[in-house]
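The next part holds the structures, each set out as structure tokens.
Below are two complexes that have subunit A in common, paired first with subunit B and then with subunit C.
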Partner chain A sequence: MRRYLRRSLWQIGIVVLGIATINFFLLHLAPGDAAEVMAGESGAATAEYMAALRQQFGIDQPLYLQFLRYVGHLLTLDLGYSFREGMPVAELMRQRLPATLLLMGSSTALAVSLGCVLGFMAARRAGKIADTVISTLALLFYATPVFWVGVMLVMVFSVALDWLPIGGMTSIEAGYRGWALAGDVARHLVLPAVTLGLFYLAIYTRLVRASMLEVYHLDFVRTARAKGVRPWRIATRHVLRNALLPVVTTLGVQLSSILGGAVLVETVFSWPGLGRLAFEALFHRDLALLLGILFCSSLVVVFVNLAVDLIYTLLDPRIELS
Partner chain B sequence: MSLLDVKNLSISFATPRGRLAAVRDLSFSLKAGETLALVGESGCGKSLTALALLGLLEPPAVMEGNGIFLEGRNLLTLDEPTLRSLRGSRIAMIFQEPMTALNPVLTVGEQIMEVITEHEGGGRRAARARAVALMEKVRIPDAERRFAEYPHRLSGGLRQRVMIAMALACSPAVLIADEPTTALDVTIQAQILDLIGTLKRENGTAVLFITHDLGLVGQHADRVMVMYAGRVVEERTAADLFADPLHPYTRGLIAARPGLGGSGRRERLMEIPGTVPGLGAMPVGCAFSPRCAFADDLCRSTVPTSIDQAGGRIACHHSEGIHDREPAIRRIGNS
Partner chain C sequence: MRTLSRRHFLAASSAIALFIRSDKPVWAEDKPQAGGTLSVILQPEPVTLSPTNNMAQPTQTVAGNIFDGLVYYDFDLKPQPCLATSWDLARDGKTVTFHLRHGVKWHDGKPFTSADVKWSLENIWKTIHPRNKALFENVSAVETPDDFTVVLKFSKPSLPIFSVLNGVGAPILPRHLYEGTDILGSPYNNKPVGTGAFVFKEWKRGEYVLLERNPDYWDSGKPYLDRILFRIIPDPAARAAAVEKGEIQYAPFNAIPLRDVERFSQLPNVKIDRRGYDWISPLLYLDFNVENQYLKHQRVRQALAHAIDRNAMARIVWFGFGKPAISPVPSAVATFHDSTVPQYAFDPKKAEALLDEAGFKRGADGTRFAITHDYLPYGDDYRRTAEFIKQALHKIGVEVTIRSQDTAAFIKRIYGDRDFDLSLSWNSAFPDPQIGVVRAYWSGWLGTQTPWTNGSGYRNAEVDGLIQAAAVEGNPEARVADFKRFQQIVLTELPTLPLLEMQFFSVHAANLRDIVSQGDQTYSTLKNAWFDGKAKG
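Showing the complex of A and B:
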């Protein structure tokens, strides 16, 4: 176990550095830089002004020097400085992190828990009405584009019914505190979390259903029946437990790709999280900030995958770390 | 009194083109402490019979009959919760494949405990202690430690012992062993069958021993039912059956059995010509008639009924005169 972890950590280090390198050069392939954007915005795009900006940002130097400096900083865990925002990248991200974690956490929790429950119910009533309803809805949400779901939810619940806020994370003008603030954030959270989670909710529902139906046909379920185990216990203890492995795999995939979804959803709902920060950074050619966010999300991806491996060994004793 | 009484049990599959009969008109009874072997080729309906006795047939399979009486109660008339409470406690089963018959994500100890807690309730502590005792009883060495092992860490023989411990946990009246040793190698096979025999004698359990291996039957069964294409063709005591088989199919099986002749040389194997008919292609008369050396028009047109004969039951139009016709089969066998 310890040897496995040590080896994985080495691999993770190499992979993360590799990703950072690729990110760096890919982003520099794109035309335009932060100086151009800023100068364009201020309307004073003289050559001297732009040169001065470039020198200040350190982007006048040859690319390989910029790269070496970037890697050097990374190795000392320094994510760099955003000249655009006038703040260290790490500090900017730290401010936005809680909002994103809240959004990702609640949408993932919603997708996994509700998906498992619905999939479980559908599998236990396979072929009956409840199953048909659940499976049809799951297919529907599976096939619907996320942004469209987001827009529709806003149209219905914010615009037409006026039950939930259109966007943002708090009602700033109300100045809530304590529990009132928590409730206010929760109300703001509903639509973006549902939008972000709905697609995966559909995936988990379908996955758990299919996987349970498959397990129901295995020999050990017949053994459990022959032992006189109650149907509910067969479903939970024997079937569901064995059907959870693919769920963990998908959870890994979901968490690894969630930043992409968060960019979209946070932008649509003006949720002050990392996704929107990344979107703005891209827009402003704020490469230091963008690289910082990408670096951290690559860390998340590799650690999520490590966690998935560890959870596998907990769920299935046949799998051993080697 | 017999512990298990099966009366005219039939099992069929509901298909779009009508019913396909897989097991027909099966009747037998089992007494305490007795081992009855159910022997037949692959696909003749042995496992279906076993599942039917537990009430575990799944659609499209359906069963009907005049009753399956377990300790006097007719299983065909009981509702599912009552059936469930009998399964594993009054009638238990050991399956063929110890590799896949155990849940891979639960320890073997938990799986044995489960039978006890489901049927008798009581504390986990007590159930655990009983599970360990059961593991010792089926001679799993180092039971206390093995309790916490997962199935994949145990050998096939040990896994089958776990299955036996599970099946015997609540001291069932009837134990069904469906090819319990087919997946094991020969030495382990003998140990497992001896174990089942010992436990049966200790507890007075009635055993239905399902096998396709006639070679195991002689030592391990008191009585034998030979099944062909879903019908019992001959039922005798094991001693009688081997001394003087009366149904042509049984005679063929025994002749085809590999073994050592008196001279130490391998006896000549006699194959039964032809193959078992499929469920959809059953002959009109006796199902064995297309392969039978004695078959005549009567056999091909009329299904023979089971008649009491020679201390058993035989379903053959010509079993009475079989000895006079013996040279005929020899001639065919040698040609």
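Showing the complex of A and C:
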């Protein structure tokens, strides 16, 4: 176990550095630079202004020097500075992190819990009316574009019924504090979390249903039936538990995309998350910021993968780490 | 059923709108009432809040409320006193004296003096400001005989400066906070300290910028609003919903999609206002790359101009928010606009005849030649304009391939790599052609790869001479004559085709009053705005 972890960490270091290197050169292939974007937005420029911007951003330096400086910063755990935003990258990300974690956390919790319940119910009644309804709904949620669902929910629950706010994270003008603020954020959270959650909900429902049906056909389930175990106990104790492995895998994939996976929902609901930050950084050619976000994302991916491997051994004792 | 209820709804809402418009509601008073929070759409999120190093609209919209200028511009674009109470121009045009307002304080309490103006001119307007450098570079000395007098000495006259002296055109920064520091990297660019009617409070990235009423503002009694909350709402449909619901009470710069405007004009709780954009005078244009093997021929460029029905473009693509332009100097810039320039009426037959004359006859497949078209990636309206042009040119046998890219790639392609044939873009003409127009024609920019300069690659010695003469001409009539001659030449040779004089619009809550009170309103202060009746927030 300890040897496994030590080797994993060592590999992770190499993988992450490799990703950072590839990211750096890949992003520099994009046409145009941050100074051109800023001049473009300004609608006016002079050669001196462009030179001043490039010097300030450090993009007048040769590429290999920029790369060496970037790696040097990374090795000292410094994510760099976004000159466009006038702030350290780490600080920019830290500001957006709570909103991202809140949205991803609540939508994932909703999707996993409800998805497992619905998938479980559908598998227990496979082929019956309940299964058809659940499967159809899941297919519908899965196939509908997320941004469309978001806009429709806004139209119904914000504009027509006026139950929930249209977007943003707080009612700034109201100046709430304490519990009132928490309640206000929760009200703002409902629509984006549901929009994002519905899509993942569909995935988990289909996944749990399919893998439970598969397990139902296995020999040990037949044995359990033969020795007279009650159907409910078979479903919970034998089938569901064995069907959870793919759910954990998918959860791992979903958590890996936590830092940038919700661009559309964040945009529709003006939610100040990291997805939008990364998306805008790309358009602004704010490479320091984008590289910082990608670097952190790669860290999340490798560590979530490691965690998923460990959870496998808990769920299925037959799996060993070697 | 659905159509019926929708029609009923529309009928009912327009009836209400008629009622409100014809009879002033009884509670309406013309005396401004104080109080309330105004929520404004800010789109896209600004880069910085300092008007010195970024000319982008969101920055200017916020900064206009924080920074007052020496003057502001009325609806006739004439300068009116603001931080300067009066000014004199010497007969030779080489000395300008500004008399500053007494008792004005920066938001941190320090007094505003002539030293701030002198420092800003020498360190910003003359150097890093992207637009003003050319206008102020002939300032040879700035004298400050006392705290409230600034004297500018010019080596050559520079009359266009009188069109850029507002808060964002010639921004004055607090010298005591910036002097001796790196201006572009100063922390105060993101927490600005100004002299304006609203004080910067907070900027939460990705969410909002909050300004509060300046209690010590020199214009006593103003501003009326307690707070301005600029909200960043990236999705157009969400912006429209927020305005419709009243969560947002002011949305300038076409913040809702053009196709929604018709419906919004029927809503009883909002109003559409087209005023307040006069100072920037936006113009949509098409650059011909004059180095292209086809477009280098003047007759080809003229033919393409005849093939595009600009009336239909204004009506169909821009939903009437624009009118055909005949000159790069828009008709709103009345002093300099020349209405006698060669015009290119919609006439496909003439276009085909010109192309035949130029030697580009239709081939066996009906095609004369094929070119590419890149459009400014600022949204649907520009993409649809490009599609309109593609169809128009197809009818005269010119095949167009539309290319899409993001802003950075567009700027690099047009101004850096010069790898394009047609390019669609817009610019602000401003009240003096020297500021916004000549940039696109002066050959001195060629080879510098500077964005928003001579995109077509045009070179004409006489035009260059006219531009340089007008820049330093002290006699206003002679300048007008120079610019009229300039327009005659560039509309004959046509390196750039002016398409539309764009008409931007704002949407605001019906109970929000005096939201537009000056010609440069959308880049200026909301100190005159107030909520009628029960203020929201």
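By definition in this document, the second predicted complex is superposed on the first by the 312 of 322 C-alpha atoms of A that agree within 3 Å, B and C clash if a C-alpha of one lies under 4 Å from a C-alpha of the other, contacts with A are read in each partner's own complex, and residues count from 1 in each chain.
FYI, a contact is a pair of C-beta atoms (placed from the backbone, for glycine too) under 8 Å apart; a residue touches a chain by one contact, two chains touch by 3 or more.
The model shown is predicted, which means the values in this text are computed figures rather than measured ones.
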Query raised in the report: Are subunit B and subunit C a fit on subunit A, or do they clash, once the structures share the same frame?
Result: fit
Query raised in the report: What is the contact status of A:Pro165 with respect to subunit B (first) and subunit C (second): first, second, both, or neither?
Result: second
Report task. May I ask you to decide whether A:Lys128 touches subunit B, subunit C, both, or neither, giving the answer as first, second, both or neither? Result -> neither
Query raised in the report: Counting only touches as set out at the top, which of subunit B and subunit C does A:Gly86 meet: first, second, both, neither?
Result: second
Query raised in the report: Of the partners subunit B and subunit C, which touch A:Arg7 in the superposed model: first, second, both, neither?
Result: neither
**Report entry** subunit A residues touched by each partner, larger count belonging to subunit B or subunit C
**Finding:** C
Report task. Determine, under the contact definition given at the top, whether A:Arg69 touches first (subunit B), second (subunit C), both, or neither. Result -> neither
Report task. Taking the superposition as given, tell me the minimum C-alpha spacing from subunit B to subunit C, whole angstrom. Result -> 47
Query raised in the report: Once the complexes are superposed, what residues of subunit A are shared between the subunit B interface and the subunit C interface?
Result: none
Query raised in the report: In the complex formed with subunit A, which residues of subunit C make contact?
Result: 37, 39, 44-45, 47-48, 53-56, 127-131, 133-134, 182, 184-185, 187, 189-190, 204-208, 210, 227, 229, 231-235, 237-238, 241-242, 244-245, 247, 405-413, 415-417, 427-428, 436, 439, 448-453, 537
Requested in this report: In the complex, go through subunit A and note every residue touching subunit B.
Outcome: 218-220, 222-230, 233, 237-238, 241-242, 315-318
Report task. Using the touch definition up top, name the residues of subunit A that touch subunit C in the complex. Result -> 30-34, 36-50, 52-53, 56, 83-87, 92, 95-96, 99, 147, 151, 154-155, 158-159, 162, 165-170, 172-173, 267-270, 272-273, 276-277, 280, 283-285
Query raised in the report: For the complex, which residues does subunit B have touching subunit A?
Result: 54, 56, 84-89, 92-93, 95, 97, 100-106, 114-115, 118-119, 150, 152, 163, 166
